[in-house]
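What follows is chain A paired twice: with chain B in the first complex and chain C in the second.
Now for the complex of A and B:
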């Protein structure tokens, strides 16, 4: 990618941070204090509010893994290491959001079901497997000897591993599971106020994802610049 | 299910299930007597509450009076955990419906397990006339006194902790790398060399 164009994109980081912060604060207030408590169908109605952040984080993790896929395909087509860096950064960010999902979900499960995890639940296990596959993505990167080989094997691994993203997303419809459907067909629904809070929290999570990805990309560019400068000094 | 819907009634011994969520309904038949029994079984049962399954027996013009037994069975094929609740119900003479509930008392399903095998059954005179097999999710949890406020608080702290840790990691690294890049640029530039040269022996 052209450096000037990239610089212009990276300058959008601050507006994204500001918009994400405003919506996150609104989401915290509305999600924790304002949204009505859903007592029907939930034995722990207060813990149900975890859902507002849980869903946003889950969708942001899917976006992260999707950016990894796009970056991987672009790398294989153009052999530009920038796309490899983008894939790596998006995968790392996707894993950070996945960690939020995998901590908030079991906490809610403990309050609602009395157990934080069920290894025989397809919905939970497909998401955990997805997370582990992307942990494996970093293991693949570490095992390759040189940048080109590393980028190629990581891109191929990410493309194959991405199959789990749609499977995880649709698992709640495909498999029988204790995991609630809530906003999907056959789910209980959350009402108009809850729907508005979900919209705000999901948008906030997406903006936060973009802001953090831009920051991470900036850091990657700095690392590359230092490497060039060090080569200059050594020469 | 489509095949069962199309052929179920005519085949007789072919109970099937329609609907999803809380509207899921099992259909059972006594075809020779022109009778259909239906019962709503939601996909998720709350073990803390009483659960009542109302069987509705609907006859036809040639239906004759019979005393049936309707049953719901959890884990029907597992001798160790099999549990059955049943009741007898006097079927209608003719088309008029007859209703009777089969109840599971609160606390009898004291576990949280998804996909528990479940069977609705229609019997007469000691013979199984029809069954419908499917599965249910069972939830059993004494609700926390605070409604899950503790879990919500911990989840919120975890969530924002991860965000701030990640953002902090990026910010600190950027500062460190920027300083390093500036130092390297100074070292490479002629002015930087001059300054450094002045301090060096």
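Now for the complex of A and C:
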């Protein structure tokens, strides 16, 4: 990608941050105070409001891992370390959002099911496994002897590990699970108001993800520039 | 990414090579068997000290997972340690065929040891495993194949890494979790007194599908993993 075009894209991070902040504040107000309490299908209707933030974080984590996959494939095709850095940054953000999911989910689960986690639940375990796989991604990166080997090994492992993303996403449909289903025709009973709040919160999470990724990418490019300048000075 | 057709002879030659090396050194067999027995004993001792019942199904599968990943991790790592990895890559077999051969030879070892571990678990942990042997065996066999494929795939990706022995379990164990979960669930159902009402078909399909997925991924990814 040409540097000027990349610069223009990176400058978009400020508008993305602003939009994410506005939508997230709106989502917090609407989700916690405005959306109707859903007494049907939930034994803890108040705690159900965690869902509005939980879903956005989960979808953002899937997007992060998907960007990692795309970056990994592009690296293997073009051998450009920019795509390796993009994959690394996206994987890190995916893990950060996954941590939000693995924190908010058990809080909701404890209120709803009386237990924060069920190790025999396929939906929960596939998502946890996905997170562990991407922790392994960083372990692979740390063990490589040089940047090219690091990029290759990490890209291959990311491609292998990505199979758990669709498995995790679809597990709520394939397996019997305590985890509620809301991505269904009819929306799982959250109603139009709930649907609107979901849309706002998910959009906020996606905008935040993009803004953070742009920031990380800018940082990576600056680090590379500093390294080039240092090498020039030393030479 | 080029995917070449599958002539049988390079794969069979590599399988034969691995089995011959294993027959002479007994490296993987010895390590895997000892590891499996140790895991069974540790769990037996641990549960007995606190006086709780020993869950046979999870203990069996934990022993299988750790023994296979620990013992068969040496797959491509052993080749790298002996300086044979580049020679292997330069052979007439392509990366995908090398991966299939490594998975096949590893599976033969893993299945044999898996069945032995099942018998030992029946003796050390719960005799119900021996009573339900004929029901549990298909899951142990399919699970062993899947675990071998994961071990081969991860050892291929990490063959040129530093500290690959320490890296292997960190990277491989998450990929083994789906096999562990299904295996434990189906084994527990098999030894349960309510087994009559349970159909193992779904579990068999799930394990088979995961095995096929890992093997397919390994076949596609291994050529890139092994190239210099």
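As a working rule, the second predicted complex is superposed on the first by the 230 of 235 C-alpha atoms of A that agree within 3 Å, B and C clash if a C-alpha of one lies under 4 Å from a C-alpha of the other, contacts with A are read in each partner's own complex, and residues count from 1 in each chain.
The working rule: contacts are C-beta pairs under 8 Å (C-beta built on N, C-alpha and C of every residue); 3 or more make two chains touch, one makes a residue touch a chain.
Remember, predicted model here, so these are calculated numbers, not experimental data.
Of the two partner chains, neither chain B nor chain C is touched by A:213. Contacts of A:99 after superposition on the shared chain: chain B is touched, whereas chain C is not.
Within the superposed three-chain model, A:113 lies in touch with chain B and out of touch with chain C [touch as defined at top]. In the superposition on chain A, A:49 contacts chain B only, with no contact to chain C. More residues of chain A lie in touch with B than with the remaining chain of the pair chain B and chain C.
In the superposition on chain A, A:222 makes contact with chain B only, while chain C stays out of contact range. Of the two partner chains placed around the shared chain by superposition, chain C is the only one that A:144 touches, whereas chain B remains out of contact. Once the two complexes are laid over each other on the shared chain, residue contacts for A:152 go to chain C alone; chain B is not touched. In the superposition on the C-alpha atoms of chain A, the part of chain A touched by chain B in one complex and by chain C in the other spans residues 120. Considering their complex, residues 76, 120, 122, 125-126, 129, 132-133, 135-136, 139-140, 143-145, 149, 152-153, 156-157, 159-161, 163, 167 of chain A touch chain C. Those residues of chain A whose C-beta lies close enough to touch chain B in the complex are 28, 32, 37, 43-50, 53-54, 57, 93, 96, 99-100, 103-104, 107-108, 110-115, 118, 120-121, 176-178, 186-187, 208, 212, 215-216, 218-219, 222-223, 225-226, 229-230, 232-233. Only residues 153, 157-158, 160-164, 167, 170-171, 173-175, 177-178, 181, 185, 213, 217-218, 221, 224-225 of chain C touch chain A when the two sit together in their complex. Contacts from chain B toward chain A in the complex involve residues 20-21, 43-44, 46, 48, 112-115, 135, 137, 139-144, 146-152, 154-156, 158-159, 162-163, 166-167, 170-171, 173-174, 177-178, 180-181, 184-185, 187-188.
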